[in-house]
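Next, two complexes with chain A in common: one pairs it with chain B, the other with chain C.
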Partner chain A sequence: MRSERYIPYLLVLPSVIFLLFLFAWPLVEALLLSIRGSEGWTLEHFQRMAADLYFKDAVKYTVLLAVVVVPLQVILALCMAMLLGGISKGRDLFLYVWTIPLGISDLAAGIAWLAIFTERGYLNSFLQALGLIQEPRLWLSYETPAMLFLAVVAAEVWRATAIVLVILVAGLQLIPKEYNEAAEVFGATPWRRFWKVTLPLLMPSLQVALILRTILALEVFAVVVALGGRNLPVLAGEAYFWYNAYQNPGVAAAYSVLILGISVLATLLYLRLMRPRQEVAA
Partner chain B sequence: MSTRTIYLALAVLLALWVVVPIFLIATLAFSDRASVFAWPKGILPQHFSLETISFFFGVAGVGKAIGNSLIVAGLTLLFAVLLGAPAGYALARYRFAGADAYRILILLTRAFPLAILAIPLAVRFINLGLYDTPLGVALVHTALALPFAVLVTSSLFLGIPRELEEAAWTLGCNRIQAFLKVVLPLALPGLAATAIFAFVISWNEVFAATLLTLRERTLPAFLLTALNDSPLPFRFAGGFFLIVPALVFIFVIRRYLFTLWGIANR
Partner chain C sequence: MRKQWIGFSLMGAVLAALAAVFAQQPSVLFVSTQFTPIEEAQRMRQVILKDFSGRVEFIPEDNAPFTSRILSEARAGRVNVSLVGGLHGDFPPLIAAGAMDTVDDVMAQLKDRKFSPTFANLGKMGTGNQYYIPWMQATYIMVAHKQALQYLPAGANLNTLTYSQLKEWGANIQRATGKRLLGFPAGPRGLMHRFTQGYLYPSYTKSAVTKFRSDEAQRMWSEFKGLWQFVNPQSTTYDFMQEPLLSGEVWVAWDHIARLRDGLNQKPNDFVAFPAPIGPYGRGFMPVLAGLGIPKNAPNRAGAVALIEYLTRPEVQITTLVENGFFPVIQAKLPDNLPQGTRMAADAIARQAQSNVALPSLLPVGLGARGGEYNKVFQDTFARIVLRGEDIRRVLDSEAANLRRVMNDTKAPCWSPDPASEGPCPVN
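Here is the complex of A and B:
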């Protein structure tokens, strides 16, 4: 038989070339953009970024959003995944409905929740019906950052819990039934079985879900813009404004490098904190 | 009350949490102008009307933006499948040095924020003449969709027994014929799911699309940039129109959902 060793390389090559040009190269380019000025190397873009009025709030809200949204999504998705195990009829229907947001864009999610939180929206109508307010109240202005933050959290949890759910359900399917059955034979309560058997075995999936969701949460953009414009500044939004409105690719690149830096830090943190324990493997 | 009933009630509650916002925005999209601005609002639609939707489609630029979105998503679908499927096939069928490094490269691409790709590319595309073209946006969207295409097609081809292919070889097919006549028909539904997935990734993407275009906006980019100075009916109708393909998409690919996302486990 002729040598066919070259075939896999031939098949992989186009995608490698593509990723080099549209992934590796821009990555390097972004780093260069952020540290190169009109005359040689410089930190001026980072200094300008840090001195900007919106910078502190952008860092604060982006990190705070990730810290609030991601755990909420994981807990909610975990509850959903466990619920699926307890439902016999209509399991597929629930799974379908719960995963609908997978296909919904962040912009559309932001607009959907705008319909709820806007001045003459459903939340105010509901509060009025309860007799709590007489006139529409503003929730999404810069004077109500807490409520605006809450609206973004709601929209993000609504939109992106489904991704976590799918990863966790796929992970649950990989756990052999025998483990839970054995624990049941030994008289472990469902609650104990969840903590002592299911959860430790689900760790790899949880790790993937946490890392993926955190990286995506740090990029939050369209949801925030749709709900509050720039009233709630976030890092990706600032990168966008500096590029589009201020025509300054250097500072925009500095913001994108900062997002990358925080993402890498978060990923390393997860990998360290969630190292597989010995007794689990044993 | 039995545990089962409680479970079911909770599941219904969670389903409502997902469905109600979609229902509300659909209600607004199919109401007349007065109902959109009405205060206080009822949960149920008041006056069914196509006023809001037709107003949305009547706004200058919307038609073109939808057209651009379709072109960009179509190109993304094409690129992602054409580049991704061969790589997926290679990963599934061959053991070769560098296969693991390639897998890691593919997984890494998902770990980087889009901003870091979009900003330098926007700068570079101006020189290359790709700025403000559907092709330029499609290239960036392909970079987003390609990792999924590779991983999904690889698991897809793994699921097709190698023996079938080998049987075709012994019956006189060459490699390409065997692939086209035996593997491809079996892989077609999964490939279609991959393609739809790539399409939706592109259809939904807003950040890169906004940075890379000026006049040739895609629909999300057009909506985003028009957001601040457009009336509420326009935003709601636009938001609803963005959601519709998503609903169809999840329905069509529901069988492959776990291959598409659950893949992250391996």
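Here is the complex of A and C:
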């Protein structure tokens, strides 16, 4: 009997070792890399990062992308999930089609959208065929940062709304039907039922989706590089360039520590703001 | 039962014999910074090395892991690599650490190869001994769509084009077509920094480092900014110029020949290849020379020597050109069945190198892993002056500080075309 007490620990052990080995250890290494110089401890890497040409823009665009893309995705996914709830026949078909982008790597998604927005791309051919423009327009150049930003938003929304959708659909299925039926009996309108019953019960799933998507949005990289090159710098991209092109692991690590810091902050913020009601009451 | 035992022992004997045969012919571990793209590596293994009599293990690696591998093997005293292939600039850190053997004996064996004397001399790395045998070369040239030729400024000749004529050409094209059709590979993986380091700076200042912030450099940047008005703004997303040339987004482009190759080979009748433009000091250009060297205490030096002999044979040099786009370093007659595009590129390269205004400059030498930050200085200078329109003098002064730091950290002396220096190359 006594040995059974250890079985759960034994069972989680492999995954804990795996995480320690492949996440915690590299994390500590990256932290050390960012604060260690040729002569002991230093903040030099962070200073160089902050003084860099692309630093301010990278922070600006990363935060801006997260602030624009994440709410858009959550609202869209919520609408899609509610629509799915209203379909009885062929629901799975819609779900599968909507989650297709999940199966595509982000770089491939970036390249697909590049094929649309590039000078000889589908968008220009389409507009030309309609007679709306005479000459191909440039959408993705350093001279049109707003359009470039919109293109990245479009690609990101297309690519990653599905993950939010999947989480919300699962969350919706967990809500017992009785609550809604009871509200209906008491004469609540569909709108009221959504606000007073569905949404509060969906909070835990929403929290998960928001945390997941925000962290991923802060790490956005391949889509941006494919569409904008260096014209739209983002933090993860800068970390990549410092490591790969400039071969300076210290500054690259400083960037990744910064991304980590912002991610942790955002997660804590969500956990605090979206605390379930009963806990607050307690 | 008994029969089975006999069978097993027979099989064991055969295996042992096979192992002995293979052990007699140890393979050559050949590590190279060239041919890292998977297709190029495959063509190296399956086509270029096919007829070599010995066994070769060809392993391409990026610059930084390559250098640390050779150095740590030398330091540990357990050398596994028998042959090293790299660009001229990959060798100094290895030689400085005493990890490379001299190859004068190999050079003496290869007398009949007729290496270009400039290249053979570069392989001595400024010493009395040969440290690498020239392997293959490449460079950067210009390619234009034939439609663009009608807009060449009056009196301009493609082979003696100047930077101001290039600007005028771009202006003429824009006036006629309404489009900006000059192009440069200024994307995140593009080689624009090689253009500023090896073409623009030498042509206007006969330097890349010492005169980085000179008045001549200031004039150069303001002229280049003027030229940029006629450059397709999508250039900041171009990594390889062959694609925008083929799609017609760009009519006149500069790039590495390996990154123009598909364009020239797919539509040889649509394009012309020609040398880079000429500036006040001549035609700055950057030959890219790769060499083959042997580490000290290499486990299979004889095999490495045989492989060098093989790779520098005229027919193998031609195969290397056809398969992977690097040009011969020996006097080899190009066969008639060479693809037309490759022939055009070879022509342009010859004209670029052999004219009386030629001003060859080397890829950075002695910067090791800091080469990336050296490039960043030029990339950032370009982005700040040309793309963001910052004040030229202020940018040059502030980036000169970054350049100085790279030079002082690495203590790299000047390389051509900058005049030789005692100690780290100064940024005046």
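Just so it is clear, the second predicted complex is superposed on the first by the 260 of 282 C-alpha atoms of A that agree within 3 Å, B and C clash if a C-alpha of one lies under 4 Å from a C-alpha of the other, contacts with A are read in each partner's own complex, and residues count from 1 in each chain.
Please note the rule applied: a residue touches a chain if its C-beta (ideal position, glycine included) is under 8 Å from a C-beta of that chain, and two chains touch if they have at least 3 such contacts.
If you're wondering where the values come from, they're calculated on a predicted model, not measured in any experiment.
Student: After superposition on the shared chain, which partner residues are touched by A:265: those of chain B (first), chain C (second), both, or neither?
Tutor: It touches nothing on chain B or chain C.
Student: Quick one: is A:171 in contact with chain B, with chain C, with both, or with neither? Answer first, second, both or neither.
Tutor: Once the two structures are laid over each other on A, A:171 reaches chain B alone.
Student: After the superposition on A, what does A:120 contact: first (chain B), second (chain C), both or neither?
Tutor: Touch partners of A:120: chain B and chain C.
Student: Which touches a greater number of chain A residues, chain B or chain C?
Tutor: Between chain B and chain C, B touches the greater number of residues in chain A.
Student: Looking at A:199 after the superposition, I want to know if it touches chain B, chain C, both of them or none. Which is it: first, second, both, neither?
Tutor: Neither partner.
Student: In the superposed arrangement, which partner chain does A:9 touch: chain B (first), chain C (second), both, or neither?
Tutor: first
Student: Touch check for A:253: first (chain B), second (chain C), both, or neither?
Tutor: After superposition on chain A, A:253 lies in contact with chain B alone.
Student: Have a look at where A:50 lands relative to chain B and chain C in the superposition and call it first, second, both or neither.
Tutor: neither
Student: Identify the partner contact of A:225: answer first if only chain B is touched, second if only chain C is, both if each is, neither if none is.
Tutor: It touches chain B and chain C both.
Student: With both complexes overlaid on chain A, does A:141 touch chain B (first), chain C (second), both or neither?
Tutor: In the superposition, A:141 contacts chain C only.
Student: Output the chain A positions appearing in both contact lists, the one against chain B and the one against chain C.
Tutor: 118, 120, 225, 229
Student: Under the touch definition given earlier, write down the residues of chain A that touch chain B in their complex.
Tutor: Counting only chain A, the residues touching chain B are 5, 7-9, 11-12, 14-16, 18-19, 22-23, 26-27, 29-30, 33, 79-80, 83-84, 86-87, 90, 94-108, 110-116, 118, 120-122, 124-125, 128-129, 136, 158, 163, 166-167, 169-171, 173-174, 204-205, 208-209, 211-212, 215, 218-219, 221-222, 225-226, 229, 235-236, 239-240, 243-244, 249, 252-253, 255-257, 259-260, 263, 267.
Student: For the complex, give me every residue of chain B touching chain A.
Tutor: Against chain A, the touching part of chain B is residues 3-4, 7-8, 10-11, 14-15, 17-19, 21-22, 24-25, 28, 37-43, 79, 82-84, 86-87, 89-91, 93-94, 96, 98-99, 102, 105-106, 109-124, 139-140, 142-143, 146, 150, 175, 200, 203-207, 210-211, 220, 223-224, 227-228, 232, 235-236, 238-240, 242-243, 245-247, 249-251, 254, 257-258, 260-265.
Student: Considering the complex alone, what residue numbers of chain A touch chain C?
Tutor: Those in contact with chain C are residues 53, 118-120, 135, 138, 140-143, 225, 228-231, 241, 245-248.
Student: For the complex, which residues does chain C have touching chain A?
Tutor: 64, 178-179, 187-188, 232-234, 236-237, 247-249, 369-373, 375-376, 380, 383-384, 387
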